[in-house]
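Next come two complexes, and both contain subunit A; in the first it sits with subunit B, in the second with subunit C.
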Partner chain A sequence: MKAIVSVKRVVDYNVRIQVKPDGSGVVTDGVKHSMNPFDEIAMEEAVRLKEKGKITEIIAVTMGGAKNEETLRTALAFGATKAIHIKEEGEIQPLTAARAFAAVFKKEGASLFIAGKQAIDDDANQTGQMLAALLDLPQATFAGKVSIEGNVATVVREVDAGLETLEIDLPAVITADLRLNEPRYLKLPDIMKAKRIPIEAVTLADLGVTAAAAVKVIKTTPPPSRSKGVMVKTVDELVAALKAKGLA
Partner chain B sequence: MSKILVVAEHAEGKLNAGVAKVIAAATPIGGEVHVLVLAADGASVAAEAAKLAGVTKVLVADNAAHATPIAANLAPSVVEVAAGYTHVLFPGTTFGKDVAPRVAAKLGVPQVSDVMAVHSATSFDKPIYAGNAITTVETPAGTMVATVRLASFTAVAATGSAAIEKVSVATVAAAHTRYKGLEAQKSARPDLQSAAKVVSGGRALGSSENFKVIFDFADKIGAGVGASRAAVDSGYVPNDMQVGQTGKIIAPSLYFAIGISGAIQHLAGIKDAKVIVAINKDADAPIFEVADIGLVGDLFTLVPELQAKM
Partner chain C sequence: MSIERDVMEYDVVIVGGGPSGLGAAIRLKQKAAEAGKEISVCLVEKGSEVGAHILSGAVYEPRALNELFPNWKELGAPLKTAVQRDELHMLTSETAGIKLPNLFVPKTMHNEGNYIISLGNLCRWLEEQAVAAGVEIYPGFAAQEVLIEEGVVKGIQVGDMGIDRDGSHKPDFAPGIELRAKYTLFAEGCRGHLGKRLLKQFKLDEGADPQHYGIGIKEIWEAPAGKHQPGLVVHGAGWPLDVMGTGNTGGWFLYHTDNNQILVGLIVDLSYSNAYLSPFDEFQRLKHHPVLKQYLEGGKRLSYGARAITKGGFNSLPKMVFPGGALIGCDLGTMNFSKIKGSHTAMKSGMIAGEAYADALQGGNAGGDALQAFPEAFKSSWLHDELYRSRNFGPAIHKFGALFGGIFNYIDQNWFGGKIPVTLHDTTPDYATLKLAKDSTRIVYPKPDNKLSFDKASSVFMSSTNHEEHQPVHLKLTDASIPITRNLPLYAEPAQRYCPVGVYEVLGEGANARFQINAQNCVHCKTCDIKDPSQNITWVAPEGSGGPNYAGM
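Presenting the complex of A and B:
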């Protein structure tokens, strides 16, 4: 049984985002990039499922420019058995990514697709659900726990009201939430070994996919800044400050 | 002229409070605003939705496939009803985030996630990078699907009286997905997402027993209770209390961050709070850069004292 995991290259979550003064976007040149944290979790889950014998193959897929190859190398170091690079420069709409992943899913005859619940750059939280819709597959988003028995996955989902449990038949799409697992530290020998594994490169045209109509970004601005507050020294001062604001 | 469809979230026969905020986002788009209730029996939810100011019609699609909130069943129903609408809006909750992209993909249109401001029928603001940048976007021709960032809008009043109309959809429940239940924390405290005051605790609390300090203080001032990811991951409190980029985004009048360092992912959830109070023993904690009022010291002595004095 094959699983596909999508891995996106994003600005590292520790980086303080700077908006370009001309409003044309955020500064990404010369800024540290990493695998989207939710995709690390998705990768880890796939590796654990393989270690448990639930799946036999893990295909990592990414879509983006030449540098995305680094992200695939990380996925291979995690334990992906194959890596596919969908080459595409510039902005990628979640619907376009979903169409491309759907084509790869069909071509590979996979049984499970694990995506991150959201990419921390666009914060869209769309791709997995769109993919499931395009393939008419069941979806279990925001997974906090996954167990697979035969052809059935039981997924505990992190929803606003608490924890929801769904049972879905494979093939299916699952999106990983933060508490699904804690990704392992990659070991140097695994990182070295990953460098030698060939990466398969394809284009949207190869996959027979057309890009979706784009939501155009007109301008990017920094969020309104909060004005600097006051420091108080005692609880009494705090209570007084709250009273002054009509809050106590 | 726009024609807007707002998909209603509901549970146990009650309309989700976020829907009134989605209506507030829909109104400036201009045009008819219809609410769609997908339920097994949506009568009580529809009656509530009909009262929301600005709603021009409520559509109720009663169908056994809608008995539980399964995206694979709800999305086809939305798509069926969506014909002729220019906008399909969902609350930016886990429900909306689960269903909306499935609808957009089926319609073959892109989605705008977390709309925080409406400039026109095709121009919207949305946050990216955990709210550290805001983009103004222009949607392409065709139906636009969006989720609404609830913290950015004030709920409309319940002063309307829209007509309620029954509609039927052909959806049959998919056999491939089975709903096994919801483990919900029953709490008498104000709901985190609508509370006027919220008290959150972080990793500093150290245990679920110690979290009582936070609960006791919150109860004294009638506040909802939240937590940082670290507090949730450590098992002090359940996941539905997480505030932040990947948890709940809230906009209370008063927010207390207690023993929380102020990571950007946490701040993403509280940027719209009117007043932020931080209590932290580390004077250099980043939370103090955004706090309106900061107090340095040990929470285990300061919070009980504050509780006594408020």
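Presenting the complex of A and C:
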């Protein structure tokens, strides 16, 4: 059974994001990038399923410019058995990614697609859901626990009310939430080996997919800076201050 | 407990992805390509990526780069802003200063033909060139131990991952592998933790003057509207440090680079004597001086960082080679203090090493020896000449102070071309210069205004520093009681002040006083390892990829 995992190259979670002075986006030049942390979790889950013998092949797929190759190398070091680079220099919207992943899924005849629930750059949280819709497959989003028996996946979802357990038939789409697992440390010998594995490159045209332009970013602004706190001396003063603000 | 470790073998292993390590790696591969004879080169870098731990001014002299890549322009090297104009100021008080006429500026401080760059970005570019040339580069892996067998350096061991605070192995424990090589080049930068051990083990610094250091603190600013003059280079000395005195010296810089950004920083000589001095706070108040304030006021601070520099220069140069390898770059101490530049000299030292070791390997050398061809090639290079000519610069300032030392340097550099027939020595190591707290003048630093000046907590946030939080503390105390029982009564524990990111704190008072190490804040500047008057703090590499994540530093 083949699983496909999508891996996105994003600005590293340790980097303090800076908005460009003209508001056209955030600064990405000369800034450290790495694999989207939720995609790392998705990748780790696929590797664990393979170690348990539930799946036999893991195909990592990424979409973007030349630098995305680094992200695929990371996926290969995790344990992906094959890597596909969908080359696209322009802006990639969730719908474009979903269309491309759907084409790859069909082409590869895979049974499971695991994605991070969202990418930490645009926080869209759309690609997995759109992909399931395009493929007309069952989906289990925000997965906190995944187990597979035969052709059925049991997924514990993290929802507002608590935990929800679903059974879905494969093929299906699963998106990984934070507590699904803790990704392993990559070992240097694995990284070394990953360098030598060939990467398959395709374009949107090869996949017969057109880019979507469903969303237009109008402006990017930094969050407002926190206003200075007020020191209060007594509890009464605190209560009075909260009441004055209509908070108590 | 013995751990099974994987072993990988290379011709050359390089520790550190800065200008010297990358310069050496590229030169090795260039020579291999010329001769059509493969040399395998592996480079490890403790930062999460190449450039993440690089911090420099930087005005860059392209001499070494011209030799490494004569076509660097076509290759797109990030040298974008040529220096247009130089200014040198001697600040005499918090509001006053003198701009020195160009005529009296030491020749080495002129910057025609140089570029204002981000050294971090130059290293990122060098990494691309090195990878294209076939160098294997592994960021996120720290060299933790030197492998020494029968007096010969055989390579390094990469740090383990997944060790808990108490030393036990977590479920995701991943043992570090051994990288073995015919030759290992140490390019860790100033005060490398392995370089320090090698200096001691092979007595490399015997006969040299003690090494001297400075702590450089830097910020990147977005220039306020109408104040940006790309290519303007401003240097200065004096206030808030000593003008006439010799105890507490240093110098500052303010560069107008591309992208509407201004790079501003202060280097405090770690030979400072006042136990109450705080390099961080000196820098914060410096920015309020009118000469600097005019370019920063109304602008926005984008980034912060700090790094120690090796500045003893020629007189402090240790022996470069030992059986099985060499020290290069700032790990060795090749900075030219008279130019306040170490990037081109570090790169050149790496290139000379790369050439010498490539020749040795191609000549059929099996490795493991102390290759004399490297120091010999160094002696006949422009690097040696450059460092020799500037040998008096640092000692003159330590001995005579910023003003009179500056005059000496003007005479030495401009009249004698650095060949004044006298050599000044500075023989007190930096950790021994601190006066007792009772003999030091207390300094009351102004409160930050959060416009031009800031506190340490908000500054470390600007360095994007992170360490895996459950790992063992990587700042080791030889004797855990010394900070409270000795350093506190004698020196008011200066670690609280010389650390530019607030790693060290003394909490509580009197009998309840205790020393706290916030290792997660550490930006790997190494100042504590250098300046602790009791020499009780040892910096070791934390888990790979920990530390700052500098962008454009």
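One rule holds in what follows: the second predicted complex is superposed on the first by the 228 of 248 C-alpha atoms of A that agree within 3 Å, B and C clash if a C-alpha of one lies under 4 Å from a C-alpha of the other, contacts with A are read in each partner's own complex, and residues count from 1 in each chain.
Here, a residue touches a chain if its C-beta (ideal position, glycine included) is under 8 Å from a C-beta of that chain, and two chains touch if they have at least 3 such contacts.
Since the model is a prediction, treat every value here as computed from it, not as a measurement.
Aligning the two structures on subunit A places subunit B and subunit C side by side, free of any clash. Touch criterion met: A:124 reaches subunit B, while subunit C stays clear of it.
When the two complexes are overlaid on their common chain A, residue A:21 makes contact with subunit C while staying clear of subunit B. Within the superposed three-chain model, A:132 lies in touch with subunit B and out of touch with subunit C [touch as defined at top]. After superposition on chain A, the vertex angle at the CA centre of subunit A, spanning the CA centres of subunit B and subunit C, is 110 degrees to the nearest 10. In the superposition on chain A, contact is made by A:191 with subunit C only, not with subunit B. Using the contact criterion defined above for the overlaid structures, shared-chain residue A:163 touches subunit B, although it does not reach subunit C.
Once the two complexes are laid over each other on the shared chain, residue contacts for A:36 go to neither subunit B nor subunit C.
Touch criterion met: A:177 reaches subunit B, while subunit C stays clear of it.
Using the contact criterion defined above for the overlaid structures, shared-chain residue A:68 touches neither subunit B nor subunit C, since it reaches no partner. Of the two partner chains, subunit C is the only one touched by A:12; subunit B is not.
Superposed on chain A, the gap between subunit B and subunit C at their nearest CA atoms measures out to 5 angstrom in whole units. On subunit A, the surface patch touched by subunit B in one complex and by subunit C in the other comprises residues 16. Here subunit A touches subunit B in the complex through residues 11, 13, 16-17, 19, 26, 93-95, 98, 117-118, 120-134, 137-139, 141-142, 144, 154, 157-169, 172, 177-179, 212-223, 226, 228-239, 241-242, 245, 247-248, going by the rule given at the top. Chain contact summary for the complex, subunit C toward subunit A: residues 6, 8, 48-49, 51-52, 118, 120-121, 124, 136, 138, 141, 158, 161-162, 172, 174, 176-177, 222, 260, 302-303, 461-462, 464-466, 549, 551-552. Against subunit A, in their complex, subunit B makes its touches with residues 11, 70-72, 75, 93-95, 97-106, 108-114, 123, 127-142, 174-185, 193, 229, 232-233, 238-240, 245-246, 248, 253-254, 264-265, 271, 275-277, 288-296, 302, 305-306, 309-310.
Those residues of subunit A lying in contact with subunit C across their complex are 12, 14-16, 18, 21, 27, 30-32, 34, 182, 184-189, 191-192, 195.
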